[in-house]
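Scrolling down, you'll hit the structures one after another.
Each of the next two complexes has chain A plus one more chain, namely chain B in the first and chain C in the second.
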Partner chain A sequence: MAGGLPRRIIKETQRLMQEPVPGINAIPDEQNARYFHVVVAGPEGSPYENGVFKLELFLPEEYPMSAPKVRFMTKIYHPNIDKVGRICLDILKDKWSPALQIRTVLLSIQALLSAPNPDDPLANDVAEQWKTNEAKAIDTARQWTRMYADSN
Partner chain B sequence: MDSEDEMNYDEEEEDSQEEDSNDEDFVDIAMEPEPSTASDSRETEDFQYEVLTADKIVHVMVECIKEVNAVVQIPATITRILLNHFRWDKEKLMERYYDGDQDSLFSEAHVVSPYRKDPRQKRSTRGSTSASTSESMCEICCLVIPHTDMAGLECGHKFCFQCWTDYLTSKIINEGMGQTISCAAYGCDILVDDVTVMDLIKDAKVRLKYQHLITNSFVECNRLLRWCPAPDCGHVIKVKHYDVKPVRCTCGHTFCFACGENWHDPVKCIWLKRWIKKCDDDSETSNWIAANTKECPKCHVIIEKDGGCNHMVCKNQNCKADFCWVCLGPWEPHGSSWYNCNKFDEDEAKKARDSQEKSRCQLQRYLFYCNRYMNHMQSLKFENKLYQAVKLKMEEMQQHSMSWIEVQFLKVAVDVLCSCRQTLMYTYVFAFYLSKNNQSIIFEDNQKDLEHATEQLSEYLERDITSELLVDIKQKVQDKYRYCESRRKVLLDHVHEGYERDTWDYQDGL
Partner chain C sequence: MGNCLKAHNNDDISLLRGNESSDVLEQPSGPPPPYHHEPSQRAQLYYPSPNVSRPANQLTEEEQIKIAKRLGLISHLPTGIYDGTSKKGKECAICMCDFNVGENLRILPCMHSYHKECIDDWMMRSFTCPSCMEPVDAALLTTYETS
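And then the complex of A and B:
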C-alpha cells in the first residue's frame, strides 16, 4: 500500500483517539501509522487490578483481511500469555474476521485478563498452576502485577 | 450405446493406430510427433477413461448435485455443502435428511435452512446499515457504499463487493480454503457457496484455484476419479470402473490409476509402495550398521572397527570391556596360553555370525536390485535427450531421399526403448519381493532377454545411427524394436499369468 493508509485504518485511528475505550489507550507511532503503542489497565476484580500493561499492536499489509499482530510488552503471569508476551486468543488467529477492529481486539484482550482460560493454555506451567492451585496462581499474578506493571 | 461414444476418447484411438502401424513397413501418417508411450493400447484398450478439465469436473460435480436435488429439492448451493459435509455419500445424506432433525442437519453443515422464512429481513438490523437510506457503510473498508454494490449471504451480513473479493481472494490464495470459507462477519459460521464466490471473483487464477479446492473433496471421495499427479496439472481422470490400469492425462503424464505412481507394470501397487518407502526411509542405514559394526558384548553399544588390532576396549566409559573383535569373547585368554580364537567353536560362532551374516546378505540383495532399478531410471531420463538427437537425425534423413513417413520408425524406436526401460525398472522391484521357484527362473530369463535386447536397441540408437547406409539402419532398428516389444509383452504376460494362477511366492519380512 504505497499509496498511503487505507481509509479503514484512518477511520479506526480517528475513532480510537476521539472515543477511547475506557481502560485502553492506543496511540499510533509517529513514524509508522500501522504500529500502535497500547496501554491496557488491569480490569477491576482481576489479579491484574491496578496494573498498567504495555502492548504493541501492528497492522500488517493485509489488514483487515488478516488479523493485527499484538504482543504484551509488560511481563504478565497469565495462562494464555507466554514469556515473550504472545497471546493465545482465537480472534487473533482462525476466528479473525475483517469485520473486527483494533477496538474489539483490545477489548477482547482486556476480557481475557478478567477471565483466564487455563484449558487452552499457551504458558503450560502457568496453566498447570492455575488448575492445581488457583489461589496460589492468583497470588503470583498479583505479585507480578505489583512487580512489573506498577502504574508508577 | 451412446455412453460408449462418450468414453471413446482420442488417446486410445491414437494408441491403437500406433499398434497397427507396427505391423506395416511404414508408420501411419496420423501418428503424433510428440513423445508418447508406445502401444500400451493393449493394456488400455478395454479400459475406458476420460480426462476432465477444471470446468468439466465442476460440471460432473453439478450433475451429482442435481441427482440429489431431484429428490431433496433445495437450492443446489446448499446441496453441495451438505454433500461435502457427508463426504459425497449421497445415501448418507438422504438418510439424515429424511430421518432426522433437518434443522440440526443444516446447522451442523453451517448453512441457513432454506425453509427459514425471510432471513434477510430478520437480520437486516445488524451492522451499521440504516434501512431508510440507499447507502450504508461497509464495515470492512469503512466506505459508504450504495446498497446495489453490496452483497451478503442468507445470514444477512452485507459488505461491499470489493471487500468481499479481497476477503475471498485472501482465504483462497493465502489460506487455501474453498469449501470452508465462512461469512466475513465476526462469529458468523454460515459458509459461502460456490455461486457467490464465482460471482464475486473475476481473477481467472483465483477462480481456478477455487474450483480446484471445492472439487478436491469431490474427487478424493470418489473412487472413479483421480487428480493427475503431475506438477501444476489440474486435470482429473474419470474411469468407468476402478482398476489397476495405466491412464494418460492430456498433459502427457502416464500413471497408474489405482495408486497415482508412474505406470509400474509388472509390479503391483502395494509392492511398489513398500519399495518406494524402503528407498525413501532409512531402513537400509540400519542394515548397514548391522553389516559393518558389532555390538560390545558387555554393554551392547555399537562399535565400528577403525584399526587393525583386534583387541577392543569399549569406549563407553561405564563399560570399558576388553574383548576380541573376531570372536567377541573376553580378551583375557587371548593374551595368554588360553588363546583359542583360532579354533572354531561351532555353536558360539554360529550364533554370533548368523545375525550379522543375515543383514549383510539382505543389504547386498537390496543394493543389487536397487542399483538396477536406479540404473534404468537414470537411463530413462537420458532417453529424453535421445528424442532430440533422433529428431535431428530424422531431419537429416529426410534431406537424403527418405520421406517424412519413412523416418518415423526412429521415433517409434525411442518410444519402445522408453517403455522397455520403464518395464525393466519395475521388474527389479517385482524381483526384489519374489522368492525363488520355477516360475521366477522363467521370469528372470525373460528379464534377461528383454534387458539384453533393450541394451542393443539403445546402442543402435545412440551409436550406429550415424552409419551412412540408411536402409541398413532402418532394417536393424525396426527388427530390434519389434523384438523388444514382443519380449516385453512376453514378460508382462508371464507375470500377469502368474498373478492369475497364484504361482508367485513372495519374500517375507522385507
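And then the complex of A and C:
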C-alpha cells in the first residue's frame, strides 16, 4: 500500500486534465498529488451565478474505498454547506461508491448549488431562512456571492 | 478470537458455479498454484460499517458474526477468468484498470463484474454493487428463489 500513487488516481487526474468538466477546474497540488485545488463556477440561473467558488478536495489513503474529502474554501450561503465549508451530500457519506470519481463528485456539488435542499440541512439557520422566506434567502445568497465569490 | 475470520472459504460449499474449484481447473498445467491467504497487513483490518475500521481482535461479537456472514456470502458469488471476449465492461470501475486476459473477476447478481480483489474489498464495507447500487444480498435472495 505504501509508496506510489495508485494507477486510478493517476488516470483520473490525466482524464480531468484532458477532458475538463465545464465550469469546474481541478488541479492537483504540486507537493501532494492527492490534494486538489478546485474552482467551481456558480451555475447559471442559480443565486451563485457569476460567482467563483474555491474548494479543496483530498483523496484519503483508502480512496476509492472511501469518499474524497471536499470542503468549500469560499464562504457561501447555502442550506447544505456550513460556515466552515463542509458539505452535506449523501455521496460524500453513506452513498459513496468506488465507481464514483472526482469528476462525478464535483458535478454533484455543482448540481447541489443549482438545487439547494433545505429539508436536509447542514447550516440550520440558512435552511430555516430558505424555508420561511425563500426570496430573501436567495437574495442573501446572491449578496454573499458578490461579496465573497467575486471572480475579479 | 477472530482467527476464524481469516480462514474463510476453506469449508464453504459453493452453491453457485465458479469459485476456487473452477479456477483451479482452468489453470494451465504446471506447478500447482500457491495457496494464498490475504496479505496479513490487509487481513487485520475489518469494516463493521463503511466508515469504521478495526482490527479483528477489537470487533464486538455481533460485528464478528456480521463479518463472518459477509465473508460466506461473498465466497458464494461466482467468479471467472477474463478471457477477453466480453462484449462490454473492459475496465474495472473500481481500480479503473483494464481487465487483462487471465485475471480473476467476480460477477455480481446484477451482472456487473470487477476484479475479484477490488470488489471483495468493497463488499466487506458495503454489500452493494458500486455501479448500480443494487444491494447484493437482495439480488442473491431473488436468485435463490427463482432457481
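Definition applied: the second predicted complex is superposed on the first by the 151 of 152 C-alpha atoms of A that agree within 3 Å, B and C clash if a C-alpha of one lies under 4 Å from a C-alpha of the other, contacts with A are read in each partner's own complex, and residues count from 1 in each chain.
Going forward, a contact is a pair of C-beta atoms (placed from the backbone, for glycine too) under 8 Å apart; a residue touches a chain by one contact, two chains touch by 3 or more.
All values derive from a computational prediction rather than experimental measurement.
Chemist: Under the superposition described at the top, does placing chain B and chain C together on chain A give a clash or a fit?
Modeler: clash
Chemist: Looking at A:E12 after the superposition, I want to know if it touches chain B, chain C, both of them or none. Which is it: first, second, both, neither?
Modeler: both
Chemist: Touching A:I91 in the superposition: chain B (first), chain C (second), both, neither?
Modeler: first
Chemist: Of the two partner chains, chain B (first) and chain C (second), which one does A:P64 touch, if any: first, second, both, or neither?
Modeler: Touch partners of A:P64: chain B and chain C.
Chemist: Is A:G42 contacted by the first partner chain B, the second partner chain C, both or neither?
Modeler: In the superposition, A:G42 touches no partner, neither chain B nor chain C.
Chemist: Running through the overlay: 41-49, 95-103 or 149-157 are the candidate stretches of chain B; which one clashes with chain C?
Modeler: Among 41-49, 95-103 or 149-157, the clash with chain C belongs to 149-157.
Chemist: Which chain A residues contact chain B in one complex and chain C in the other?
Modeler: Chain A residues touching both partners: 6-8, 11-12, 64-66, 95, 97-100.
Chemist: Inside the complex, what are the residues of chain B that reach chain A?
Modeler: So the residues of chain B in touch with chain A come to 139-143, 157, 159, 163, 166-167, 170, 174, 184-188.
Chemist: Could you pull out which chain C residues touch chain A in their complex?
Modeler: 41, 50-51, 93-97, 118, 121-122, 125-126, 128, 130-131, 133
Chemist: Okay, in this complex, where on chain A does chain C touch?
Modeler: That would be residues 1, 6-8, 11-12, 64-66, 94-100 of chain A.
Chemist: Give every residue of chain A touching chain B within the complex, in rising order.
Modeler: Within the complex, chain A contacts chain B at residues 6-8, 11-12, 62, 64-66, 91, 95, 97-100, 104.
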